[in-house]
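Each remark here refers to the structure printed beneath this line.
Naming follows writing order (A, B, C, D and E), and every chain is counted from residue 1.
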Amino acid sequence: MNEIWAGIQAAFRLIVTLDPDLVEITLRSLQVSLSALVIASLFALPFGTWLAIRRFRFRRLTIATLNALMGLPPVVVGLIVYLLLSRSGPFGVLGLLFTPTAMIIAQVIIITPLIASITHQAMRELWAEYHDLLISLNTTKRQRIATLIWDGRRTLLTAALAGFGRAIGEVGAIMIVGGNIDHATRVLTTAIALETGKGDFALALGLGFVLIALALLVNFAIHALSRTEREGRW
Amino acid sequence: MNEIWAGIQAAFRLIVTLDPDLVEITLRSLQVSLSALVIASLFALPFGTWLAIRRFRFRRLTIATLNALMGLPPVVVGLIVYLLLSRSGPFGVLGLLFTPTAMIIAQVIIITPLIASITHQAMRELWAEYHDLLISLNTTKRQRIATLIWDGRRTLLTAALAGFGRAIGEVGAIMIVGGNIDHATRVLTTAIALETGKGDFALALGLGFVLIALALLVNFAIHALSRTEREGRW
Amino acid sequence: MSAPMSVVLEQAVITRRGARILGPIDMALGATGFTIVLGPNGAGKTSLLKVLHGVERLSSGRITWSVPEHAAREAQAYVFQKPIMLRRSVQHNLAFPLQLLKVGKPEIGTRVADWSRRIGLGDALDRPAKRLSGGEQQKLALARALIRHPQVVFLDEPCANLDGRSTREIESLLLDASKAGTRIIMTTHDIGQARRLASDVVFLLNGRVREQAAARDFFAAQQTDEARAFLNGDIIE
Amino acid sequence: MSAPMSVVLEQAVITRRGARILGPIDMALGATGFTIVLGPNGAGKTSLLKVLHGVERLSSGRITWSVPEHAAREAQAYVFQKPIMLRRSVQHNLAFPLQLLKVGKPEIGTRVADWSRRIGLGDALDRPAKRLSGGEQQKLALARALIRHPQVVFLDEPCANLDGRSTREIESLLLDASKAGTRIIMTTHDIGQARRLASDVVFLLNGRVREQAAARDFFAAQQTDEARAFLNGDIIE
Amino acid sequence: TLRLAVTTSFHNSGLSDVLLPAIQADTQIEVQLLVVGTGQAIRLGEAGDVDAILVHSRKAEDAFLDAGHGTHRREIMYNDFVFVGPAADSAKVADAGDAITVLQRIRQARATFVSRGDDSGTHKKELSLWAAAGADPAQFDRWYNAVGAGMGASLNTASALNAYIMADRASWLNFGNKGDLRLLFAGDPSLFNQYAYIPVNPQRHPHVKADAAKRLEAWLTSATARKLINGYTVAGEQLFTFNATPTD
C-alpha cells in the first residue's frame, strides 16, 4: 500500500527534478510510439476503410483474421522481428537490432491490426450513409477512401488513440528487439520492468505514473486539437 | 530464420501430440482472458454507451482520460494489483495473489478502458441517429442504453474482440500477479516469455503460433455466430 | 381521457451557433383542435414542433404545459420529418413504444397486427425497417407514433412521400382521431391538405409567428401580404 | 453535347432476400424527353431509377445504355429520395462533385456561388449541411446534382418537402433544362406536378410496368383500371 | 561501443554501474549491456548479436565453446548463492551444516519453496544441489513453485509467498522488496558461483568487435578491475571475489 504512495512521491520527485535519465527515456518512449503510430496509421486507415467499402470473396475471412491479429502476443512479434533483424537473420546486415528503429518496427506490427479493425468498424457506418451518393458520383476507389477518411476523421481518432495507447504501454516486444540498453534503447516501459525486477517498486511505480501522465498529456493535446465533442448532432 | 520454421514445426508437434502441458496452459489462457473479457464488457459497454448519450460538465475530460487509460502499462497495472493483493496489502487476506483470479482482475483493469472507448465511439453515431426518437418516446436512461447496445451489438463486436485480443496476448501484468507458476498460473504468454528467456526460441515461437491459432479460432467462431457481414445496407 | 393539455410559449427563442433560428415567439395553443403550421422552407416549423414536444431545448424564453412536464411527455407522440427507423424489423419497430411501457405481449401482438394492417405493411412484418421504401417508412413512423394512443400528436409533413390513396387514408385517420379528442399539431406544404384538415393555422416566417387564426378565417382572408403570397406560391416580401 | 443516351431494360429483375421487388421489366427509354414514373408506395419507382442509374444491381436480366458504361455514368446525376448530405458545409457539398472532376478552384467558386443563390442558400454557405431543414437539404441535393450539367438526371420525389414557391421554381428550372436537351427521369406523388412536367409517363405497380405512354394520352385516357384508380387516389384492384 | 550479454543476477547486483564508467574512462569502450536470461544470452552470442557474454553456467558455456561460437572462456570472478526464507524459518535451515542439508530440511518440512525454473545458471545450480540431495523436483508437489522468471521476479514471488528461495547474494542484497524474508544460510563452497567472460568468435561473425572484446577482457582481468570488484560492497558486504588469472 504505502509503496503506491511512495511511487506517487517518486513520480513527483522525478518530474520536479526533471531527472535527466527520466527525460531521456520519456522522450525515447514518445519518439518510438509516435513514429510507430504514424507509420501504422498510414497502412491501417486506408486498409481498414478499403475493407469497409470493398466486397470480395474472402472479405469476412479477412476481417475475422484482422480482428484475430489484434491478439498478436507482443513477445512473439518481438521474437520474430528479432530473428529477422538478428545478425544471422536475413536483415542482419542492416544492423538494426537493439536500435529504436527495431522497436518501431515491432510496434507497427503490433498496433496496425488494432487500428485497422477499429477503422473498418467505424467506416462501415459512414459508408452505409455515403454509399449511394459516392457510387452515383462515379467516384474512383481512391476518391471513396479519401472522402470517407476525411469525413470520418473524428471517429478515426479513437482508432489512432487506441493504437498509441497499445504502443506506449507495450513492453514485451521492445524488450526483445530493443534490449533495454541504457542510453540507447531504454524506454519507460522497459525501465519499469527493470526496476520491478530489482524489487524497487517505488521507482517502478513512479515511472509508471510518469508514463500514465504522458499518455494523459498526449490525449488531452489531441482532443484539444480536434474538438471531438463539437462534432455530433448537438 | 530457420528458427521460425522450427517454431512452426514445434507448434505443429505440440498440437498433434496434444501435449498435456500445452492443453493445460492453453485452457488457462482461454479461461483467464474470456473471464476478463466478460467482466470488462459488463462495465465497459454500458459505461461507454452512457458516455455517448450523457452530456455533463467534464464529459470531454472524461473521454480524453478514458482514451488515455487505453495506454495503461500492463506492468504498472500488474504491480498495483500485486501490491493490493500481496499479504501486506489491504486485500492480502483473500489470498488471491498468484491465482488465476488475480490475473483476471489485472486484465479487466487493462482492457476495460479499451472496450469502453471503442464502444463510446461506435455509440455516438447510433445515438445521433436515435436521439430524437428515444427522447420523444420519453425513455429512461436505462432504456436508452439498452436500446443502443442492442441495436449496435454488431458494431460492439469489434470493441469486444479488441479487448479479447489485448487480454489473450498480454504478459506484463499477469506475469507479476500470476507469477507464472507451473501448473498453477502459467498461461501461453508467460510460457512464451519463459522459453524466450531460456533461449528456446523454437518452443517460444511454437507456443506463440498456438496462441495466434487460438485467437483466430475464437474470432472465426464469434464471427460465425454473429453474422457481422450480413449487416450493413447491402 | 386525462387532463386536457394546453401549452403556452413566452419569448421562446432558439439560437444555433449565433444565428437565431426561431423566435422570439409568444403563442398559446388550446387543449383541443387540429393545428396546421404553415410556412416556407426554413421558416422554423420543425424547430417549433420540436420545442413544443421538448426534443429541442429553448435557448431562452419559457414553455409551459398545463400539466406537469412528465405527464405531458408521457401523453405525446411525434412523427419526424425524416422517419427514424430502428435497426429492427417492422414489427419490432411497432412494438418498441409499447415494450417501453411494459405492455403485455399478447396486447402488443394484437395492436401491432392491427396497425401494420392499417398501413398496408401487414405482410412485411419481418422486413428490416430500414429497407422499406420512403413512403412505407413514413407510414410506419406514423403508426409507431399512434400505437400508444397519445393525447397530443406532432406530425412533421407526414404525407410528403405518400401516394394519393395513402394520403387520403391517413387524413381520414387523423380526422377521426381529432374528433375523438386527440390534439394534433402538424406541418405540411400541401395547402389543399391544410384546408381539408386544419381547425386553426399558425403561419411562420423567418422563425416568427406571422399569423395565427382559425382555419376558416385564415384561408378566407389572410391578414398579411406574406401569408397571401405564400398561399399563392409567390415570392414572399 | 455528346452522343444521345437511350437505355433498354430486358427482363430486368431485382430480388432481395427471396422477395422479388422489381420486374421482370422490359422497357426502353428514348434519348430525349421528360419521363415521370408514377406508382403507389412500394411500387418500385426508386428501385427502377436506381437500376437505370446503376447504383442498384440487377439480380437478373440486362440493362444496356446506348453509350459505353463509363460514359453513361459520367454524364448522369441522381437526386435521392432521402437527401444524402456529406458531413461538410453547404458550399463543400456543392463543390464536391466538381472537385472529383478536378475542376479549377475559381470555376468551382463561381458555380457554387451561382447555385447556392438559385436555391436560396446563398447566405448559408458555411452551415453544416446536416443541420439544414428538410426542404433546404432537398434543394441542396438537387443543386449538387445539377452543378455538373449532367446529360441525364434522375429525380426521386425532388419536391416532396418543398414549399409552393420552391416547387414552382424547381419545376421551371427542370423544364428549362429539359428544353436544353437534358434527359430527365423523375418520380413524384403529386399528380398535378406530373401533368405539368411529363412528356411521357411510366406507371409502375408491384414492381411491374403496368402502363407506359405519352403524357398527353396517359392523362387523357388510362389504358388500365389500376392507373385510373391510382390517379383518383382510389384503392387499386 | 561493445555489446555484452549479461545475466539478470549480475546486473541486479549493481556492480555494472561501477564497472561501466571505469571501463569507459580507461578504454574508451562504451559497453552496452543486454540483461537477459542465461539461455538467451547464449543465443545472442551464437547469433552474433553481441560481441561477448558474461555468464555463470559452466555446462552451457562449455557447449557454447565446443560449438565454436566463442574464442575462449576466461574466469573473472565469483560470488555465491544464499538461501533466503521467512524470518520464522519453519524448516530450521539456519543452523544446517551444508547446502544439501538445507534442501533436505526444506523438503522434509514441505516448506513453500520458490525455484527460478528458467534454466538459468542459478536454476541449474539449484537443480544440481537437489540431485546431490538425492531428490527430483519433478516429483515435488504444491510446496515447490517453479516460477519460470528472472531472479528479481522470483524474489518478488518468494517475498509474497513468504517462501524459501535460493538466490545469488548480489541480487538478494540489492533486492528492495524483502518483506520478512531473511538470509538464512550461506557460505557452503558448493554455493560458489563462477562468472566467466567469453568473446564471440570473429571467425563465425566477422562483424563482432573482436579487438574491443579483447581490450575489455584485458581490463576485466586487470588490477583496476580487481580493486573495483573486490571493493564493491552493498550494505557493507563484499559481493564478488575477483579470481581472474592476470595475463602475464
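We adopt the following convention: a contact is a pair of C-beta atoms (placed from the backbone, for glycine too) under 8 Å apart; a residue touches a chain by one contact, two chains touch by 3 or more.
Values in this document were obtained by computation on a predicted structure and should not be read as measured data.
Novice: By label order, what chains touch subunit B and subunit E together?
Specialist: Touches both subunit B and subunit E: A.
Novice: In contact with subunit B and with subunit C at once: which chains are those? Just list them.
Specialist: Under the touch definition, subunit B and subunit C have no mutual neighbours whatsoever.
Novice: What is the chain whose Cα centroid lies farthest from the Cα centroid of subunit C?
Specialist: Most distant chain from subunit C: E.
Novice: Comparing centres built from CA atoms, which chain ends up most distant from subunit D?
Specialist: E
Novice: Specify, for the interface formed by the sequence copies subunit C and subunit D, whether it is same or different in terms of residue numbers shared by both sides, with half as the dividing line.
Specialist: same
Novice: Would you mind pulling out the distance in Å between where the CA atoms of subunit D average out and where those of subunit E do?
Specialist: 82
Novice: How many Å are there between the centre of subunit A and the centre of subunit C, using C-alpha atoms for each centre?
Specialist: Using C-alpha averages as centres, the distance is 49 Å.
Novice: Let me have the rounded angstrom distance from the C-alpha centre of subunit C over to the C-alpha centre of subunit D, please.
Specialist: Averaging C-alpha atoms per chain gives centres 28 Å apart.
Novice: Could you pull out the residues of subunit E that touch at least 2 other chains?
Specialist: Where subunit E meets two or more other chains at a single residue, that happens at 150, 153, 156.
Novice: Hunt down the residues of subunit A that sit against at least two other chains at once, touch-wise.
Specialist: 88-89, 131, 196, 201, 233 - these are the residues of subunit A that touch more than one other chain.
Novice: Two or more other chains in contact with one residue: find those residues in subunit C.
Specialist: Nothing qualifies.
Novice: Think of each chain as a node with edges to the chains it touches; is that a line, ring, star, complete or other?
Specialist: Drawn as a graph, the chains match no named shape, so other.
Novice: On the basis of the stated criterion, which chains touch which? Give every pair.
Specialist: A-B, A-D, A-E, B-C, B-E, C-D
Novice: Mind pulling up the subunit D residues that touch subunit A in the complex?
Specialist: These residues of subunit D touch subunit A: 50, 53-55, 73-74, 76-78, 80, 84, 86-88, 96-97, 100, 130.
Novice: If you look only at subunit A, which of its residues touch subunit E in the complex?
Specialist: Of all residues in subunit A, those touching subunit E are 86-89, 92, 95, 97-98, 179-182, 184, 194, 196-202.
Novice: Taking the complex as given, what residues does subunit A use to touch subunit D?
Specialist: By the definition above, subunit A touches subunit D via 129-133, 135-139, 143, 147, 151, 233.
Novice: Note which residues of subunit C are touching subunit D in the complex, please.
Specialist: 16, 39-42, 46, 81-82, 120, 131-136, 139, 156-157, 160-168, 189, 191, 230-236
Novice: Which part of subunit E faces subunit A closely enough to touch in the complex?
Specialist: By the definition above, subunit E touches subunit A via 3, 8, 12, 32-35, 46-49, 150-153, 155-156, 159, 174-178, 205, 207.
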